[in-house]
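What follows is subunit A paired twice: with subunit B in the first complex and subunit C in the second.
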Partner chain A sequence: MMLRRTLIYALLALFALYFALPLGFMLMNSLKSAAELREGAFLAWPRAPELSAWRAAWDALGGSFLNSLLLAVPVVTLSSLLAALNGFILCKLRFRGSEWVFIGLLVALFLPIKVYLLPLAISLAKLGLSKSLGVLIAIHVIYSLPLALFFRNHYLGFPDELLRAARMDGAGFWALFLRIVLPLSKPVFVVVVILQFTTIWNEYLFGLVFTEAESRPITAALAQLGATGEGGVRDYNVEMAAALLAALPTLAVYLIAGKHFTRGLVAGAVKG
Partner chain B sequence: MTTTTSAALASPRWQRYRERPELLLLPSLALGLIFFYGFMLWTGWLSLTRSSLLPSDEFVGLLQYQRLFADERWLQALANLARFAGLFIAIPLALGLGLAILLDQKIRGEGGLRLIYLHPMALSLIVTGTVWRWLLDPELGLAQGLRQLGFAGFRLDWLADEEMALYTLVIAAVWQITGFVMAVFLAGLRAVDDAVLQAARLDGASGFTLYRRIVLPTLGPSLFSALLVLLPAAIKSFDLVVALTDGGPGQASELPALYMFQMAFERSRLGLGAASAMVMLMMVLSIALPYAYARARRGAAA
Partner chain C sequence: MTGLAVKNLSKGFGSLAVLKNVELEIAEGEFLILVGPSGCGKSTLLSLIAGLERPDAGEIHIGDRREEHLSPQERDIAMVFQSYALYPNMTVAQNLGFGLEMRKVPRAEREATVARVAEMLQLTPLLGRRPGQLSGGQRQRVAMGRALARQPKVFLFDEPLSNLDAKLRVEMRAEIKLLHQRLKTTAVYVTHDQVEAMTLGHKIAVMKDGEIQQFGTPDEIYQRPANLFVAGFMGAPAINILRARIVLEEGRPGLRLAQEGSRLHLPLSNGRLAAWAGREVLLGLRPEHIVNARGEAPPEGGLRFRAPVELVEPTGADTYVVASLDGQRLNCRVQPSCPVRAGEALWLDLLPHEPSLFDPSTGLRLG
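Now for the complex of A and B:
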């Protein structure tokens, strides 16, 4: 019995090491100097930890880090509020074809971006809209419409009596939504906001296609850094610092709200 | 649109309200219809035209699809996808289930371990690809570390090896997604009724038998959820390929999504790109449509 427990713990620890390795490795190498890179002990702790690679990474990606913030905050705010409203309407009103709306949203959740990327690019060019953060924000908000499903599922559990009572008191739709429904939606909001922030911050393809050099989000900028670094000096200390920089915000969210994150992922998978 | 409010809200008073909440849904509905489904049809139309550098309206039937399936590169991308998807699904399922069962043994420090196993899900696949590109670097990377530890002849040059490059994608993707699969299975394990377990124990079932006979058969829904995420994710894989191998060496690790992007946006072959997007769409729909239909029917029955 004792042996069995030891074995279990050993296995679990081994996998913990495996999963934690890349992160530790990024951190280690991001603290090395250029000189230490040339000596090339890839897996060794930095002998004299310094922040020069971080400074270089910020010089290269600082602007795009801010772009990603300017992108993620409005997108998350707008798309989750819109999703709450749409989710409530979808859930509490039955109109002809409402099940088609449900199916449409559910299937939309699966569609590959590649299926609408070309028409999107063509229409933007035809409309004369230049590539910018504003356009990217609008695109992300539109393609986040299926988030409404999260709220719809939550509202399905709402007791109808509550809403009826509020209506008896003369509350109109907006009063009902703003004073009763939204305050009771906090648990879903937490999950949706975390999930959506992670998704938008980490998104790459839209960010690549619908921005220009000055409006690049950090994922696109990081991919570019990796691509250009290939031929010449292989400054992997800078690249590791850059990768960690790109990972920090979502990692921080994960550490602070890990429980909700997991719940959201699992619920997202189960409930669609 | 004719509307009737649900039973809960159907009352004469409600009808008197000036607000028509369902109208609020219309802008979203219109946008969703255009941007998801309208654009989907548009891509379908593009795939039937002679569009190359610029979109064209010249209908050419299935010509682009004939070209697509005559293209060695596309066929290799499909073959690569089959190899990649098989492993990308099988390994996380096995590993995730194993870890979930181990974690379910009243482990001290379970919270911390879960945090470590699952954290890759918080990262962008671009970050994951960037890190693994260095970890798997033939000269630097893990290979060098092991050589310095005394395994002088150790080589790990999969990134440069046409046969093996695809498996670097599997390594990184498995690292990213396994924690998630574990979380899904763990949630399933925790949902098993304690009374059922107690009864089984009284009947003398324990350890392995208990799992095989009682617990695992209840994990069907968890398996289904995991597959529902893994399958489409495999078909859509793009970011990781871009950041880790860029489809190389040569086209050895190219997947359909990368092919589509390069044809449509770099090689100016819009029609061909659109055709490949439509093939990917068919693959995803073959999973999504039955699922959505079943969900909707269940919803109607409830």
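Now for the complex of A and C:
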């Protein structure tokens, strides 16, 4: 028994090390100076750790970091609230054709987002909308509509008597949703917010296509940073710092909300 | 004044008719019980009164207002649910005050009402807790309190005690009755428990298959059941149903029960039954009308007979004896002091009363 437990932990430690290693190297090299890297000391500890690479990375990506925040925060907020609302309606206020809407959302969930790229670009051009962060936010919110399925599934286990009680108490649709349904959706909300934030923050293609240079999200800007170095001398330390900078918010979200995440994932599975 | 009236109400789901032409009327302040087996439509009727469902046809009057077209919010009704349906995200105080808040009652008044209701139901120390931290009985009280706080025209109860253990159920039943005596608000109470029905109701509607089988006072329902179903549904232990024949003796109708060899004859006071002379009927006898023989002779108008005992069930206050009468089982209530053993014969007295007789083909009450 003891032996088996030790073995399991040893194995887990090995995997943890395996997955943490690249991150570790990135962090190490981001703290080295350009001169130190040119000597080829990739695997060594930084001799004199310094933040010049981070400063350079922030100078290059700071603006796009803010762009990404300006993009992700409204998209995540709007799309999860909208998803909760739609999920509630789909699940509890069945209307004529609601099954078809459900199937439509399901299909949309499985289609790769790249399929929409060209039609979307043409539509925007025809509508006369220029590339901007606002347009990108709208696009993401619209394409996140299938998130409603998460909430719909959660609300399947939601007792109808509770809604009936609230209606008898005089609650209209919005009071029902805002005072009863939404506060009881926390576990799914955490899951959806994490998934959605990660997706939107890491999204590259739409971010590249539907924005101008000054409104680029960080993923697109990071790719450009990598591209500019090609052919010449590459500032690996700056690139490492930049990549870490781009990954930090999602890391932070997982670290902060990770516990709720696993709890939320199983929340629908076992009725508590 | 009318408290609640239901006229010709019908409701179906798909091709299934759940309620068929239901008619009910109670005066203001009366306590109406809807009782019946699962699937009889009693909960659907309650939902229609609440406005949670819309009827296919018919009218619902609350007070002097016609309300079947109104939404639940527009009706002045509060409901206690079987699952209590407390808002898990709110404290007890918020649960109690939610209905008032939704109806835009000013904060000060709301708080005063919540405090008063909490006091009435002994919930004051629990006001800051959430439903998850309460016991079943406490949750039940909060559910009641939420309805009380609203001071509605009509209270609806949907099997409110069915999730409580036996002892607590009896306590809460008494409490509901006391509250109603104090508040005198019209109430409709759905249950499948016939004891709750008998103890709480001014009026009882016994339902089956979406139809009202009988609507009357508890006494009428119990003493003069309108048909075999009502007779069998109300009363525990259940009523005995025996085959018997109506005969004419000196021009007066009587009831003949065959018993191996001898024939038992029970005079009937209802002269109209003479029309049934010579025909077989079903006789309903409540266990409390068949007791162990006391004294020299059976009471005037009663009947004494001897029957073998199959089973003895002492309950403490009473002992129930299952005797056999021509192969038909007869549940009787005897004194606990009566020496009786299974397998032995026992002298029994059928007490004089107006027996319930039913038409064997329709199941309807005769006379």
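Keep in mind that, in the parts below, the second predicted complex is superposed on the first by the 248 of 272 C-alpha atoms of A that agree within 3 Å, B and C clash if a C-alpha of one lies under 4 Å from a C-alpha of the other, contacts with A are read in each partner's own complex, and residues count from 1 in each chain.
Operating definition for what follows: a residue touches a chain if its C-beta (ideal position, glycine included) is under 8 Å from a C-beta of that chain, and two chains touch if they have at least 3 such contacts.
Bear in mind the structure is a predicted one, so any value in this text is a computation, not a measurement.
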Winner by number of subunit A residues touched, once subunit B and subunit C are compared: B
Subunit B versus subunit C as contact partner of A:Gly172, first or second or both or neither: both
Touched partner set for A:Arg38, first subunit B, second subunit C, both or neither: neither
Which superposed partner A:Phe25 touches (first subunit B, second subunit C, both, neither): first
Touching partner for A:Tyr116 - first (subunit B), second (subunit C), both, neither: first
Subunit B versus subunit C as contact partner of A:Arg164, first or second or both or neither: both
First, second, both or neither for A:Ile180, with subunit B first and subunit C second: second
Contact residues common to both interfaces of subunit A (with subunit B and with subunit C): 164, 167-168, 172
Sites on subunit B touched by subunit A in the complex: 1-9, 11, 13-14, 17-19, 21-22, 24-25, 28-29, 31-33, 35-40, 42-43, 46, 55, 99, 102-103, 105, 107, 113-135, 140-142, 144-145, 148, 175, 178-180, 183-184, 187, 221, 225-226, 228-229, 232, 235-236, 238-239, 242-243, 246, 257, 260-261, 264-265, 270, 273-274, 276-278, 280-281, 284-285, 287-289, 291-293, 295-296, 299-300
Touching residues on subunit C, where the partner in the complex is subunit A: 50, 52, 71-73, 77-79, 81-83, 85-89, 98-99, 102-103, 146, 150
Residue ranges of subunit A touching subunit B (in the complex, touch as defined): 5, 8-9, 11-12, 15-16, 18-23, 25-26, 29, 40-43, 82, 85-86, 89-90, 92-97, 99, 101-122, 142-143, 145, 148, 160, 163-164, 167-168, 172-174, 198, 201-205, 209, 219, 222-223, 226-227, 234, 236, 239-240, 242-243, 246-247, 250-251, 253-255, 258, 261-262, 265-266, 269-270, 272
Subunit A residues within the subunit C interface of the complex: 159, 161-162, 164-172, 175, 179-180, 183-184
